[in-house]
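Below, subunit A partners subunit B and then partners subunit C, in two separate complexes.
Here is the complex of A and B:
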């Protein structure tokens, strides 16, 4: 049963557009899938390899701008951004990895935080190239209906899931976990830690960038403050993964489902809606304090009180 | 001559800015040194202190420079409480990710900046102090000076107070018992524990002092800057950039790093453009990561060992 769970979920998601959901619900589902891609991307670097990044907005925004600028300057479809951003983000990840991943501990977290800000400042100031704060708009959307957008992001999300599973069950995945658990031990066993951390960053960055390129196509408009923000993308990614559970296959997906639905619910409540960042902050603090491995990671701990009762009653 | 004048003017204002930056970074470096935690809510604590000083000025007419003595202690106790009830418990929580406390401070930063927006709205505020636009000129002191330099009065006062606080901190760290325990804990946690240092207490005090420093910096920035709820992020960035330039957790490095960054930022703002000042900040950060990962502190250490 457990083996087929991903397939069952995939099948359910495939037939969802046929039961006539409203555009709003479709939009939420698309966002959930997009965020689970970003979450899974972050997870491979932050969760499995143990290199916490506070700057995934840089990769997300870079992907979005890659798609947007192709459309803006070359006049070709922004969908080309999906393949092109793979190249761009691999290059970016190699450079960032070369600079930052030689260092240990908090340096990488700080460097990624700076990277996100550098990208935002650059996108705001290179007015001739990125149109600055005016942003980039697609003059025509590919489809009005959301069904195809849904299937594309579903395909991407399923592909991401399979990729992550394949990577983590290969030798590469064991290297990543070894680096997270003890870098010195990994190094002494002959693992080139900087190299494998950089590979992890590449996978993570490319996945996040693909989500960004999709975002450009889907939303049709981007500007520096929607794709490069610290709290709305970089930190939100950390929250999504932390809530779901770092270093678990399902964590980012569960986290994305919970956080997107919660965000939509909270934003619609009057008065409290303005304080949604506060609520997310408190959720993050509570998760860190009581469920540090997230809902999926600490599932046993979470259902323990309920299980105890069940056992007593039966 | 005008070129030289501009250069000197930029240099001096960068120096004054750097003095204030150093104060922010000192708090961060202390916390980083003792607890191995990057406090990503640092700027938001500064924002809180600035709001305290702002409301004191608006309702009671208390000068922001006097508010230092109110906002400082307030944030000290706030820091003790946060360390005691949030950060210390998290240290004992078992998890796969190593940066749990850092993520906790991110959560704090989100809460603070958002609550400030909700309660105080996103308006830009400033304190209209009487001396805000007064300045002194080099020609007032030296009649025949070849170049003309002007310095804003509040900048100068803020800088002088910042220097005084830095000296006071230095005396505290080198001469008092608590200060010595803090340095001992920063140097070697296990050795400090063996020597009977109450590490939990030291951590609380350090976090408190770190927040006092940033609160003071906030009060000093208030007369010369404006205040809005999202300001914390920018100053957190400044704090960690300096901390890396200076060398993680080194207080000497933080002072030098602050001055370097202040001058560098002032230079980029003058010669490249205002919008690029943050980019300048981060490019020097990347340069420090690539060429000098140990920061200024590693140079200082080398000199000391060479002797």
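Here is the complex of A and C:
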């Protein structure tokens, strides 16, 4: 049963557009899938390899701008952004990795924090190239209906899930986790830590960038403050993964479901709705205090009170 | 034939001379003991051989090739494995996964890495603990896990850093047996740091003694045990009075 769970969920998601959901619900589902990709991407680097990044907005925004600028300057479909951003983000990851991955722990996190901000400020000021705060707008979106958008992001999310599963069960996965657990030990066991951390960063960056390129196509409009923000993307990514469970396959997906639905619900509450960032902050504190491994990682602990005696004895 | 040659190695940390002009040779197939009082520079010597620190002066040669500025992972690939004095298990991984992670250096396939690991775990008597998360292993077994991980990289030389410290007598006997087996059954050359005199005297072929970063003696265990300079370094001059 458990083995087929991903397939069952995939099958249910595949038939969802046929049961006539409202465009609003479809929009939420698309956002959930997109955030699962970003979460899974972050998870490779932050969860499995242990290199916490507070700058994934840089990768997300680069992906989005790659798609947007292709459309803006070359006049080709922004969908080309998906394959092109793989190249651009691999290059960016190599550069960032070369500079930042010599740093360990909190220093790496600080360097990525700066990276996100550098990208935002650059995008705001290179007016000739990025149109600055005017942003980039697609004159017409590919489809009015959301069905195809949904299937594309579903395909990307399923592909990401499979890719991560394959990576984590191979030599790479063992090396990533070894680096997270002890870098010196990993190094003396013959693992080229800088090299494998860079690979991890590349996978992570490319996945996040693909989500960004998709976002450009789907939303039809981007500007620096929507794709490069610190709190709405960089921190939100960390929150999604931490809530769901870092270093678990399902953590980022569960986290994305919970955070997107919560965001929508909280925003619609009168008066306190505007403070949704504050509420997310409180949620993150509570999660780190009581469920440090996230909802998926600490699932047993979470359901224990509901199971009663049966749970206590098992 | 000398596998590792340490040639006039000095290592300074700022103003502190951790090693001064140390030279010795590790021959193929032998067990060479490295002893000395606390702070003598033994672990620093390991870190230099292993590539964690480049030497300030001098060279480390592996089979005649200079390796002093290579990184630890490169040296591991060339056949130099090590264990750590303060054990560094990959904590949240199971014992088996710990060993698999290091077995991957010689193979790409997971099945093969697992095969190597199973064999190594049986060799080090850790097979029954293979599914235990390494963080919860008792110290004796964590020390053995260090050895198992080193063995899984299929080394020619193993550097053992205090693999006997903190063990009870039964564990020590078991560990001695494993170290001897590593040499006799696998033909791996061993350089070992140890404070436990009974152990080091019984298993080493030769011993090098360091004190305050200087090599003060070298010889067979018998010679070392009688050497007045060594006795002085360990027990102080009061011993002679």
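In this text, the second predicted complex is superposed on the first by the 308 of 314 C-alpha atoms of A that agree within 3 Å, B and C clash if a C-alpha of one lies under 4 Å from a C-alpha of the other, contacts with A are read in each partner's own complex, and residues count from 1 in each chain.
The rule is short, and it goes like this: a contact is a pair of C-beta atoms (placed from the backbone, for glycine too) under 8 Å apart; a residue touches a chain by one contact, two chains touch by 3 or more.
Just so it is clear, the structure is predicted and the values come from calculations on it, not from any experiment.
*Asks:* With the two structures overlaid on subunit A, would subunit B and subunit C clash, or do they fit side by side?
*Replies:* Overlaying the two structures gives subunit B and subunit C room side by side.
*Asks:* Taking the superposition on A as described, I'd like to know which of subunit B and subunit C A:175 touches: first, second, both or neither.
*Replies:* So A:175 only meets subunit C here.
*Asks:* Once the two complexes are aligned on chain A, which partner has more residues of subunit A within touching range, subunit B or subunit C?
*Replies:* Higher number of touched subunit A residues: B.
*Asks:* Once chain A of both complexes is superposed, is A:53 in touch with subunit B (first), subunit C (second), both, or neither?
*Replies:* neither
*Asks:* Which partner chains sit in contact with A:93 here, subunit B, subunit C, both or neither? Use first/second/both/neither.
*Replies:* In the superposition, A:93 touches no partner, neither subunit B nor subunit C.
*Asks:* Given the touch rule stated above, what does A:185 touch, subunit B (first), subunit C (second), both, or neither?
*Replies:* It touches subunit C, and subunit B stays clear.
*Asks:* Contacts for A:160 in the overlay, against subunit B (first) and subunit C (second): which applies, first, second, both or neither?
*Replies:* Touch partners of A:160: none, neither subunit B nor subunit C.
*Asks:* After superposing the two complexes, find the smallest distance in angstrom between C-alpha atoms of subunit B and C-alpha atoms of subunit C.
*Replies:* 6
*Asks:* Which stretch or stretches of subunit A touch subunit B in the complex?
*Replies:* The touching residues are 46-47, 50, 52, 54, 99-100, 102-103, 105-107, 109-111, 113-114, 117-118, 121-122, 124-125, 180, 230-231, 235, 238, 242, 246-247, 274-278, 280-285, 288-290, 292-293, 297.
*Asks:* Hey, which residues of subunit A end up touching subunit C in the complex?
*Replies:* Touching subunit C from subunit A are residues 169-171, 174-175, 177-178, 181-182, 184-193.
*Asks:* What part of subunit B is in contact with subunit A in the complex they form?
*Replies:* Counting only subunit B, the residues touching subunit A are 32, 36, 38, 40, 86, 89-90, 93-100, 102-104, 106-111, 113-115, 117-118, 233, 237, 240-241, 244, 248, 273, 275-276, 278-279, 282-283, 285-286, 289-290, 293.
*Asks:* Taking the complex as given, what residues does subunit C use to touch subunit A?
*Replies:* Subunit C reaches subunit A through residues 50, 52, 71-74, 76-77, 81-82, 84, 88-93, 97, 100-102, 104-105, 108, 110, 113, 149, 153.
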